[in-house]
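Reviewing the structure listed below.
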């Protein structure tokens, strides 16, 4: 689903090179120091910042060659910050995930409404539908954001530290949901995280940013915690 | 002066009961001073000069007192057009060393003295420079600002410069305005000339007035224009309304009370004036500009052929209208009664096209 | 469903109220005008009849202008608030009005005949508004804090008023007077024959606003999120600035500057409708904006015999405290 070849990413001063990747379905967890380039990778993937050299392809198409109208049909992005907007209801917020699919006027068809319902249901938050987004708890905000990404019906979902501001039970809940979604809907999910223990529990492959060699390495599941720490943080 | 005629009308607030004549005790002095119309000043002869008392509008209370010694008044700064006109009328324009704005001066004497440097510009009352005024070495500054003190009045006094307001515009009788020339006469030491000048104006005015009153056909007259959303026009007891009547015109709002301006809505104006024959003082020199600021004016009956403004001699009007009400009245009669060829030609007014 | 039912009921109520208020507006004034006068002024017009003239040439254009100014400025405000993600934005605070004013001032004072024509003033107000829109847009990409953009807008306003004063000292008395008259602002300078042009601009802007409903909804989440949802940000920004410039330019050209409507009305609408769905926000802003100016103008005409108040003064008297309340509410 995602293929990279000789990819270099980053901004002018700090550049990361990358193992050639071939990611398919399931959850992939991005581990690395603060400021090591986790967000940079996710943003490059989502087409928000340009790559430096090499190739990054989604479903055999170079990311930079996909139009901004098409890209959101393939990849959805959940940023680490939840927008602060007054009077924005959960249903409206999640519904915005349909924007790439609706017509010029943004008119929602039955299919769109079904997608919204289904996403809320999948995450078990149908009861939040009519609430204002500002009134949600941090855990609810994260679930609602994921619901929005689900509504987008993309093959890939990228999440920037989805568990960062959550308490333990919510971290576990969100990560569990993501793994379940990856399996159930055949999606490729990439998320960055600092929660090593939880990440190791779900038994997923890792993308680890090796800060000394400035490379992102693909690590198969089953790696031990100490090894992971050694690569990422030593 | 940049204050529009309408704005001046709008701020007139002197109450007045017509041309009641006032006799003051006459002095034994050959240059006796008798104030017959003006209600806003008193003038008395004192040793070597005069005592001028400015009165509070509507009352007989003295608000300010000035001792005037004509021999001292060698250099005058005149920031008001009226005073320029009155000084010129008494042939004393040579005393003027300062004016507000050369572009607004009509009198050829002042203009030529400006060109050879004898007269300088000092700007309007609010924006003049203290240092420039002090450097002028003038004895006295005349101004006409409404309801406000002259800036830096106390400081100027220390430098021996007296400032004096000219309140002719507070008077509500055309001849009362003209009578202020007696103040100018006192200042310049030409009280005899001032008396003679005023007597002539009064005589001419009354002759024209008697003529005007006797026309059988009196055209209806509207005045003023919109400022913002209100149309300002003189009230029935205003001096200008009085002059329209004196000229044999039928002022549309002659029955309204008060001396200050009326502020009417455009709806009211259209409702009352579709057939009004003559429109005076629209405030602009041409019809295109009138329509630009007041597009609905085109519906007024008078708009097509009978709009008149003192645009023929705008500067002349500012300088002379106060001291020469007879000339203004003569213009009105010519406009209202074109069939009568005996009056002569227009002095200030002209038709607007 | 409950929510949308409530919203629909509210919209319906507004939809019924607007024509009623507009009708009341037509019958308020110091001259009594009857239904028959209106009927005759349209079907049986006699230009020597004062009642006909007042109803046809004064009241109908004035009412229409009130509706257009209110609805238009509210839409402009709504669009800017969403575009800049700032509920305190508006054409007046961000200096779009100032742009229009500056260009009108310059055109009146240059005295070039084309520029001083009707169409000239409108065109120049439009250009000025658009130019200042672009300037604000440029700054918006540079500043991070919401408050900074508002300050820049205010500075633009001060800067232009200084420029206008400079132009004033250099212009002759007549030009100065025309400009002063224009700057006083009025809903009743519009003539019947100008309404088609104004209505066309207004209609185009409303249509334009509906065309960007989808991007507007996405922009609520901010530029980045909107782009991730497939919004062509650059294009949408330009379209929004253009729409805002057309409305603000036309309204400013004909009525002079009118403050706070564009800022206050969209906030009121959001508080009433509790939604970020722009289809609803736009319709409600049109209705409430129009009603707001109509009611202000009715009030002005009712107090006119005692007290003269320009429309801009009244909208500020009502709008400014409302905005202060909004700020306090957000600080909580």
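By written order: A, B and C. Residues from 1 in each chain.
Basically, a contact is a pair of C-beta atoms (placed from the backbone, for glycine too) under 8 Å apart; a residue touches a chain by one contact, two chains touch by 3 or more.
What you see is a predicted model, and the numbers here were worked out from it, not measured in a lab.
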Chain contact topology (line, ring, star, complete or other): line
Per-chain Cα centre nearest the global Cα centre, belonging to chain: C
For chain B paired with chain C, centre-to-centre distance based on mean C-alpha positions, whole Å: 42
Whole-Å separation of chain centres (CA-atom averages), chain A against chain B: 82
Contacting residues of chain A [partner chain C, same complex]: 46, 48, 68-73, 76-77, 79, 83, 85-89, 92-93, 96-97, 99-100, 102, 104-106, 130, 132, 152
Chain C to chain B touching residues, read off their complex: 29-31, 47-48, 50-51, 53-54, 57-59, 116, 173-174, 176-178, 181-182, 184-186, 188-191, 301, 304, 308, 310
For the chain B and chain C complex, residues of the former touching the latter: 2, 4, 226-230, 263, 265-268, 270-272, 274-275, 283-285, 289, 292-296, 299
Complex contacts: residues of chain C adjacent to chain A: 2-3, 87, 210-211, 213-214, 217-218, 220-222, 224-225, 227-232, 270-271, 273-277
